[in-house]
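Here it is, the structure, as structure tokens.
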Amino acid sequence: MPLLANLWIVLALPLAGAAVNGLLGRHWSRRTVNSVAIGAASLAFVSTLELLREFFQLASASVPWVRFYFPWMTAENFHIDFALQVDQLTVVMLLIVTGVGLLIHIYSAGYMEHEGGYYRYFSYINLFMFFMLTLVMAANLLVLFVGWEGVGLCSYLLIGFWFRKKSAADAGKKAFITTRIGDMAFTVGLLLAFWTFRSLDYQTIFQQANTMPVENTGHIGVLTAICLLLLGGAVGKSAQLPLYVWLPDAMEGPTPVSALIHAATMVTAGVYMVSRMNILYVRAPIAMLAVAVIGAVTALFAASIGLVQTDIKKVLAYSTVSQLGYMFLACGVGAFGAGVFHLMTHAFFKGLLFLGAGSVIHAMGGEQDMRHMGGLRKKIPVTYWTMFAATLAIAGIPGFSGFFSKDEILFQTFAGPYRNPALWAIGLLAALMTSFYMFRLFFMTFFGSPRYDEHKVHVHESPKSMTVPLILLAVLAVAGGWWALPAMWGSENHFANFLAPVFASAAALAPAVDPEQHSLKLGLTLIATIVALTGLLIAWGLYIRSPHSADKLATSFRGLHRVLLHKYFVDEFYGFLIVKPLFWISINVLWHGVDETVIDGTVNASATVAQRVGGRLRRIQSGNTRSYASWVVMGAIGVTALLLGVWEWIR
Amino acid sequence: MGFITQHAVLVVSIVKVAVLLLAALTVNAYLTWFERKLVGHIQSRIGPYFVGAHGLLQPAADGLKFLFKEDLTIPTSDRFVFCLAPLLSLTLALTTLALIPFGPATITIFGQPTELVVANTTLGLLMVFAISSIGVYGVALAGWSSNSKYSLLGSLRSSAQMISYEVSLTLSIVGVVLLAGTFDFRTLVEGQGGYWWHFLPRWRVFPQIVGFMCYFISAIAETNRAPFDLPEAESELVAGFHTEYSSFKFAMFFVAEYTNMITVSCLATILFLGGWLSPFPERWTWQLYIPAVGLLLTGVALLADAAFKWNGIARLQLVAVSLLALGLGVLALSPTVMLVIQGVFWFLLKVFLLIFFYAWARGTLPRFRYDQLMSFGWKLLLPVALANVVLTAFLIEWWNR
Amino acid sequence: MNGVPIYYFLVLSAVLFGLGVVGFLFKRNIIALFMSIELMLNAVNLAFVAFSRALGKLDGQVFVFFVIVVAAAEAAVGLAIVINIAHNRQTLNVEQVDLLKF
Amino acid sequence: MSVPVFMFFACAALAVLGAVLLIVVREPIHSALALILVMAALAVLYLLLGAEFIAAVQLMVYAGAIMVLFVFVIMLLNAGVEERTNKSLMAKYLGLPLAGFLVLDLAWWIAKSTAGKAELTASAVPAQASSTIELSRMLFKQYLFPFEATSILILIAMLGAVVLARRDS
């Protein structure tokens, strides 16, 4: 078992790629650079496959498979190893990260062809891959935290990739700072966890947690506290309410980055963490509820904003947020498996959507506003068809991957162990909106008459390096959900079964679900399907049949439209509530007050004192040798006197 | 007599000093005569001739002249230093002489066994150099105090020259000191007894020939003698540092110069030429008669000269001189005196030869130019002397292995 | 050789040293200052030799040797500096050379 | 009063006289002469202490070389009579008391020291020649490193002097 024996190889590959490119890439041709980067990524993917093979041969007893590499820090009873582990969840995540990551590497090779800082870009995304892998392979919370912060760093670097553009730089900072707020909570959570369990290793924590009682509603215990704090981190990283604001701005980065980081992998870290900590969460119902509510609300909220956005990437960004909301919802209702399932499918189709959007933008020569697109169907067929698949998937049209995962979530919400019909309703509404705005995007982009100057912009299909990943992802987006196909007729869900061991103890704790609930499944599925189709039809009605009705609608509901268009004024709200006061305090208190008055004051004061005293003492230094000599003689007298023990004599 | 027997040491020392002083001054006087004669003959003149036979009274006349001339001191000069300078040079010159042993023998005066040296110290050599190194001041101060540019230039030159050459002078004898391993004159001389291969005397001049040459050249320069006599280069700066000096003060410088000449010659004799040791082996007893015979022959020669060539006062003079010589010769025949004299004779003979060499050099060689002098001293003499020292040290070390 | 107590020499050296100090404080001519320093050094040397004699060890004399050597070096450099001063400032009065304060 | 004692006092008197002259005399060259006098006197004292080699070196190096250098420089710069300016009040008023204090300190120290009490007797005198030989031994064995160091120091001093005194234009 070469790879299981030393897991670090999987990490080392992208890191090596990043290091090589970062240090030497500057002087290399683009070809060399991207072959190095893609080589690293593909090697990582291959090794993951090998890892998977070996993993299947592993006796279930020895899962999770933990490896200690070296003691990282040790302070008497605080001991952290650099340890990695592999279990089913990790394997899934590994596949997503390396697989989608690889595709996006390849895609980037084409997309970034004409950009500066080529080597920088590839070194960054390799680095990102490394940190993401660290995050998912970590065997204790601190190593996870390293990956956690690492991906944050990479996303900062990549969002601000075009750092000469102010908006990009700002977006980078915004992302970094916003997630920082979440990470603050996360860190406190870590400390609390350590204080409680005297360790940060998953296994130790889980063993101890297993012996702890469920903190039922009404009494909030340490577990609840830990879970809520960790949730804070997750909210920040996974762009949930109220910290989602950074993600839409993150679209300033190159589109592949949006695909890789802000759709497929990084933002799912929160979901991953929650489901990793499932054993804790199931023992803290309040936290669970919080997760569910946040998820549901975010889903609806983001979707509603997505309805009216006109920037193609913005729409996708908000859809990402809302999809993440779904995942949280899933976790919140104890359907961790479903959450992870949706995470995977979402990685496929959202990655695809972003890449497609990138391809469109590439074709339109940088145009991002859907109002200036249209009728691209014929011009860029590959993109068109792949996007179509992805749209169907996300909209939840039966047979496509998104359908299965979303359906699973909704079902679990309605009939799962922690069922909650209200949230199910919200979820359903969100689903409707989702399908609507997705088809709106789709129609506005590919159908109707071109709304751009055909002479200026000559639309062209993207190069192979971009289309091939599209196709591959499209396949996944279509077929990625078929694991769960049997579940349709009540048979077992392979994916869920695969993940089951991870959530076993959680499941054991869950209240029993009476079997006739399953009979609901078909009905619920039907409802979901209808909802999806409704969304499709509305979109078709508004944007194909009578293209101008949309604007009429917008004008008739101007107020609502404006609110949505301005994203509920959340940014302005934050700006008013937090940023302004912060500025005020910084400027008036910290700058003028503390810095100028106190610090500069002391410094200047000491300087002036020194100057005054110096001015007096200066008279001693007359420059006249004879005076100096006198001083020397005094010194000599003093020394000799001391040597003679004058002090004893005086006493 | 009681007093004498009580403080015999003191008295004997005083007597020795007195004798030495007298001898030194007389010898100096007659050295000038000898030199003038010699140089004269080298330049195919006859030199002093009319003051007494063969100008034998010339020195006396000069002495008288010095005494009776007016003693000028320039009003603008610095009186004290002006007077101090000549005193200093003369005193120091004579003092060094006091450290030189003239012979091995120990004679008894007032029942007090004494050696033929005024101040006997084991570090004689060091002392000589120590004292002679102060001699510079005489020259320097003389030039400065007399407040005249010729003097100043002359003194600057000469003191620079003396200092520069003192270095190589000192270095050149280090070889000998290394060989002998002592500063004591007596030991230094006795170390040179015996023969190499039964015929070559173990004088250090042979192993240290380079050292000897360096020594002699720098000695000539050190004493400001031709061809290194720039300080009193008449053609350039009148008479150098003693331009402004007259009569007796001038005489002091004069005597000091000749005394230094004698001193360095004595040193050369002791260090390199085996001091008072005779070149002949002990068993040739006839060599004991050499001094006496020499004196007697001189007396006879002079008598003949007086008889045939001269008349009047000069004749009487010569007779007196020859009688003196004969008398000394006869005295030297008496066994005790004979033994005592031996060492002294050989010593003085060698010294005389060296001084003859001095005069000879003066008569033949042209004067150096100043820059030549300096570059010669620093760039040739000094390195050679140094090399000599190093080489000697290595060889000695090698020998001892 | 009957008795000069060592501390006669020490006292003498102390007095000479003191005089050297006085000289350094009261002479204005730079060269004279130098000479005062030399005087102090000499006083120290005397003390050294006296002690070496008193203790019957020669180390003191070795030190004196070194002191003399160093004094030579110091004189060489110092006088060179003095010459420069004299050429640049046209004075040897140490009180006229007091720009060291800036 | 025995010869050594007489010698000592004579030389001591000369030395002190020289030192005082060095201070009071205003003509630099006279100061130099005074200093030479001190050195000569000290040389004799060294002889009295049985340090013949040091005495010789004292004369040769100090009186014969260093002081000659001084005299040279004085002659070269034609240093006139020093003017008695009094810019340094400190030296003017505190100078003497300070020096006095210093001497007192030293005197006190001497009074305390035990080594000083020893009488200078024939027994304590190391044989002169042997003492010189011993000295050289120590110099080249025990004190070899300082010796080499000083040689380098001298070399550096020479270079420094040359560089400083050269009037380059």
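Think of it as A, B, C and D in the order they're written, each chain with its own count starting at 1.
One rule holds in what follows: contacts are C-beta pairs under 8 Å (C-beta built on N, C-alpha and C of every residue); 3 or more make two chains touch, one makes a residue touch a chain.
The model shown is predicted, which means the values in this text are computed figures rather than measured ones.
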{"item": "Shortest chain-hopping distance from chain A out to chain D", "value": "1"}
{"item": "Chain nearest the overall C-alpha centroid of the shown protein atoms", "value": "C"}
{"item": "Label of the chain whose CA centroid is most distant from the centroid of chain A", "value": "B"}
{"item": "Where chain A and chain C are represented by their mean Cα positions, the distance between them in whole Å", "value": "81"}
{"item": "Separation of chain C from chain D, taking each centre as the mean of its C-alpha atoms, in whole Å", "value": "6"}
{"item": "Length of the line joining the C-alpha centres of chain A and chain B, rounded to whole Å", "value": "108"}
{"item": "Cα-centroid distance, chain B relative to chain D, in whole angstrom", "value": "32"}
{"item": "Numbers and ranges of chain B residues touching at least 2 other chains", "value": "none"}
{"item": "Multi-partner residues of chain C (each touching 2 or more other chains)", "value": "21, 25-26, 28, 95, 98"}
{"item": "Chain D, residues touching no fewer than two other chains", "value": "53, 58, 65, 76, 87-88, 91, 95, 98-99, 102, 106"}
{"item": "Pairs of chains in contact (touch as defined earlier), listed by label", "value": "A-C, A-D, B-D, C-D"}
{"item": "Contacting residues of chain D [partner chain B, same complex]", "value": "27, 29-30, 33, 36, 40, 43, 52-53, 55-56, 58-60, 63-65, 68, 71-72, 75-76, 128-129, 132"}
{"item": "Chain A partner contacts - residues on chain D that touch it in the complex", "value": "87-88, 90-91, 94-95, 98-99, 101-102, 105-106, 108-109, 112"}
{"item": "Of chain B, residues touching chain D in the complex", "value": "78, 80-81, 84, 121-123, 126-127, 129-131, 133-134, 136-137, 140-141, 143-144, 152, 155-156, 159-160, 163, 166, 182-184"}
{"item": "Sites on chain C touched by chain D in the complex", "value": "1-12, 14-23, 25-29, 31-32, 34-36, 38-39, 42, 45-46, 49-56, 58-59, 61-62, 64-66, 68-77, 79-84, 86-87, 92-93, 95-96, 98"}
{"item": "Contact set on chain D toward chain C in their complex", "value": "2, 4-5, 8, 12, 15-16, 19-20, 22-23, 28, 31-32, 35, 38-39, 42, 45-46, 48-51, 53-54, 57-58, 61-62, 65-67, 69-70, 73-74, 76-77, 79, 82-85, 87-88, 91, 95-96, 98-100, 102-103, 106-107, 110, 113, 115-122, 124-126, 131, 134-135, 138-139, 142-143, 146-147, 150, 153-154, 156-158, 160-165, 167"}
